[in-house]
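Two complexes, one shared chain (chain A), two partners (chain B, chain C).
Moving on to the complex of A and B:
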């Protein structure tokens, strides 16, 4: 039996399966490893960033800085590599910077008791501005190390490829699932999303959890920036505008409650796939404008928000029946 | 574990002040091993402050705390827990979005290779709750269960975390009778196991059903502590109210002439499950129905029902002989009802709006948004009532938050008077206001009565009710117990009626 709290996830998987089925009925070639491999590769940076967003939303927060951090990281790495820094070093620097950036936002949110929306909005402007400050040009890069990374792939049947960045995304999801569902940190994130006051009374370290949470989101946004750099072989400060909104959409369509406290990391993967699938369909069709993706996602988001309301109301109707056996008094 | 009956937790001479106002003054509390101890008192008696000091949430200004003879100094809830003192707060204590097992073990999950061992956590949760006679699915979200089950789970967590002393703040506030019995059977078993339990509650029935000892606080002082057998209900109520029952016999100062015709407002079998048991009430024009009862007896709940804030689930309402529906405050207002709530600051005033805007609020609501009250008209209204009720300072444009409590109360009264109400419900209209304003409000109530307005006034000031009520309804344990009329309306009879248990009503 599916538990109430998992209904949105089940709905997400069902929607994904339904859309895929429709696609395949119209374009049978979409049922191939090639399409599947491309789905992973093309959405890798979004997927990585969306894992961070899942944690933030589960805690009842939001991180609007993701798209800007991705752009900043890609420009930062590109400029460093052009200047002769080894990409591995540039990667490490970029990840340190983005993690610290997230941690500072987390501290601001917790210690100044500021809404995450405002703090990360400021972070978005800061990161985007910093990216422009480095350069406003698109900076193409090539380096043997990057070529080596791109040549790492697993051959799938029928010309399909599971690329390195696709693997990074899948690995991020696996680690994210372990972190969310199998660690005390994960439990604390869900607890904060339920009620900060109650969770503090129950001994959840709110400060440490909030800071780590936004640091994690910053780190994953940085990682998404690196993935994006590998994907496009360039850094561009105008890139990935609005990716944070795509990530939020992926999280919500993936069945996570926008108000926090309920959802699954795996759901977000399907949320990303649904967006990617609609885009792929439009490419296959050839005559549709790519803006139809946005319209489809808009409709799906709306449906999921309504669905969440409905499932929230479900358990309220009646308390679950419980067997209670009075235990005789005894010493 | 210490012997049953040995002193376990001892508080002596506890003082606590907030902003130079003394809320606890030399309070003592003695808790023995294996007893259920009821801590009672009216609002503001200092119960929660005392519990917060004992459980580490507040620091005391003076006094000593001993646990099993050793002096202790808990500086946080966690430290109190480590000392084996646990607390279940009212309402906010668990997380509805987590599973039962996660709630029980949040922050102390069993780990295996650094990961949460979910299988063991499930098994532990199941075993723990089985000891409480509960067969719940540890993997189900907590929100799937009723409040009573959640309460038991909260108790299980607190006992598991602490072990010797358990504080329960209103554990039965939103439970029905069967659920209360379930929680009580668990408390009795914990007591038999040697746990000491302090329970704060407003339900006197429940005190006598479960407690071994009672300690009563009033105005920050301990006014009595006795074994349950030595403190009959009547004595307990007089302790809580701070008055002798027999001594006073107030004569009714005013006789109220009320026509004997059919009542304008007739409530029949009106009630709501979990709020107030169905009651009948007739209210005539030109009479004041006083409502008396201890805190938690269903006073405010009655007002909420009458004004349609809580929807009644049984009964009928007739106004002037015609049946009407009363399912929201909008309905109530359209029938000419007005309501001044007890929580003036949160439910009454709109703090940042001016006196004028606060006064015209209800009238505007009644007219609907399509017919706005113009500035001139609203100013005239405000000035009229500022003058009529002597609201000070007489400045219609001053934000109401800068007025004193008494003047705020007058402004809220003005708000309803502006709608020309037929029935006015006042919940504690004189609480927290100075003596001068107090007298003016009473005069105003009397004046309205003479003008033919029907009033329902809830008050914990018994003399006040005696002074202006034409009938007094006494509530106890969410039941309309007795209606006093004529010569019965005196302080002694009212207090005696309040002390009666619901079952004793003749």
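Moving on to the complex of A and C:
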């Protein structure tokens, strides 16, 4: 049973290893700490946001507001810092705002019984609109505190660097794994995703879990915004459009079922890595256009979803196959 | 009469939006005939609403089957790119139209097959094409913005027939055809049955798979039409921006139209009015001189208000209130209560 549950995750790791092997065979230099370090740095904001998305999807929901919240946080922080506020204060304010924003969306979803899809869609418009309202210009920022954060890196062999934002991403994944697999909250999230009705009957606090869940997603989207601000040293309200789709893709490719209730936080890390690897490959190749990234991710999504479908169906075939068996006359 | 009652909240909302804009912009409602075609802000709204209105027609059917089609924006980009390539290649108009519609149909069939045959969740199934679609469109145009100069094809975007701009004519005819087909036959009822309970409808012999595939196919066709209108309008195909985020506007139009995202009862007319409401908001904000940055905020606020009124919790609470206070609350009920009351019925 456990093997079955972890099958999608095993497939993800296998695909990652396979793609990396192909890359290394063609470009031996890709097997270096430098590339590995860049993979972490370049995808740090996506990774942080994807952890939040993993929780939301595990609960059977979806959060479309992530990209807009990242953009809002980065603009918000950039404008505050430009106005003379200390970055640490701006960071704290931004995280508080984004967490509250997520919590409000969670409350709306639970108490008004509205689909998460539409609520977070409205949230996406709201956050993006708020970012536009602050400024539509790209706001470059520089501050010794930010420089200090950027100088915090661990030197890896071969000129590779594990940057501060890379470490933030890895730490987020570790904390996310503990939260998902070792706490009551995590168990509740899985239970909600399995079946909201049964979990409520078993005493899972659906309201508190849903609100905390979206607050967590908002917090992590805010954190991703801070990481993005550090990464680009600027705030821009038109940035990170569509990151929510990348995050969803990373979660799905990472082996989490979109219907909720099954998946691993660690899988999402590999989902992010696979996307990053495809991008790195395209950069190394030089002749391929960047739009191949989208097509490749689309194909991967398709393959993974069909694989998941197959692994879900296989164990049921032997027993009750009612739910998915075509009804002869109705087919 | 019953039909009018169903559409009342949407019509009232549209009138309110138009009224608010008229207060800010005098002369907003005036329509004149110049050079043998209609001119005016209202006509402009109908023209600009064409892509979302077309998408909303297909999206209504898809959502009625308890699905969702996230790929329509990307399908617009693909068909736009293909139409532009063919036009630039001096192909006859018939070939351009047929091939573009065929591609849209193929995209719809792909989505439908994933949802109906592989039993994938609609959000995910259509996400695949949404992510990959823009890449495919880029591939078709070679990464450039493909421009062309062809009066025959441009007519779709900027021409006019009997004084009515072509885009308006296209979405009206499409809405009429689809609406008549589903409502003058049992198809609409069967689609609603699939949306309410797919398993049960299959058990009573409804061909649920066929209906689901058909809904996505129509959605693909509508997206192809919308893609061609946008391409013909700007005389070029922009794979990056054509139809960007229009899937969200289309879903919004359907939701404003009162069709529930959990499937079942649907109304194409209400969705079309929803599309007009969205476009009136956009045009209104632009014309009343507000900074366009407010656009998204106003849109978000409108969604929140409309959806809160439609949400089951609020609807139950309001109908409970009405039952308690009886006719007293009805006589002094303000507009929102009336809207939710109509929904709750």
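Simple rule for what comes next: the second predicted complex is superposed on the first by the 315 of 331 C-alpha atoms of A that agree within 3 Å, B and C clash if a C-alpha of one lies under 4 Å from a C-alpha of the other, contacts with A are read in each partner's own complex, and residues count from 1 in each chain.
To be clear about the criterion, a contact is a pair of C-beta atoms (placed from the backbone, for glycine too) under 8 Å apart; a residue touches a chain by one contact, two chains touch by 3 or more.
Source: prediction; values computed, not measured.
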| field | Of chain B and chain C, the chain that contacts the larger number of chain A residues | value | C
| Which holds for A:301: it touches chain B only (first), chain C only (second), both, or neither? | second
| Touching A:178 in the superposition: chain B (first), chain C (second), both, neither? | first
| request: Go through the superposed model and pick first if A:74 touches only chain B, second if only chain C, both, or neither. | output: neither
| First (chain B), second (chain C), both or neither touched by A:262 | first
| said: Quick one: is A:120 in contact with chain B, with chain C, with both, or with neither? Answer first, second, both or neither. | reply: neither
| Which partner does A:193 contact after superposing on A: first (chain B), second (chain C), both, neither? | first
| said: Is A:204 touching anything from chain B or chain C once the two structures are fitted on A? First, second, both or neither. | reply: first
| field | Shared chain A contacts, counted only where both chain B and chain C touch the same residue | value | 323-324, 326-327, 329-331
| message | Touching residues of chain A toward chain B in the complex: what are they? | response | 3-5, 178, 182-184, 186-188, 190-191, 193-195, 197-199, 201-204, 261-262, 315-316, 319-320, 322-327, 329-331
| remark: Residue set of chain B touching chain A in the complex reads 77-78, 89, 92-98, 102-103, 106-107, 109, 111, 114-116, 118, 131-136, 139-141, 143-149, 182, 185, 188-189, 192-194
| Complex interface listing, chain A residues touching chain C | 62, 108, 111-115, 117-119, 121-126, 128-130, 132-133, 136, 245, 248-249, 252, 258-259, 289, 291-295, 297-299, 301-302, 305-306, 309, 323-324, 326-327, 329-331
| remark: Per the touch rule above, chain C residues touching chain A in the complex are 68, 118-121, 123-125, 127-136, 138-139, 143, 199, 201-203, 205-209, 239, 248, 251-252, 255, 261-262, 293-301, 303-304, 307-308, 311-314
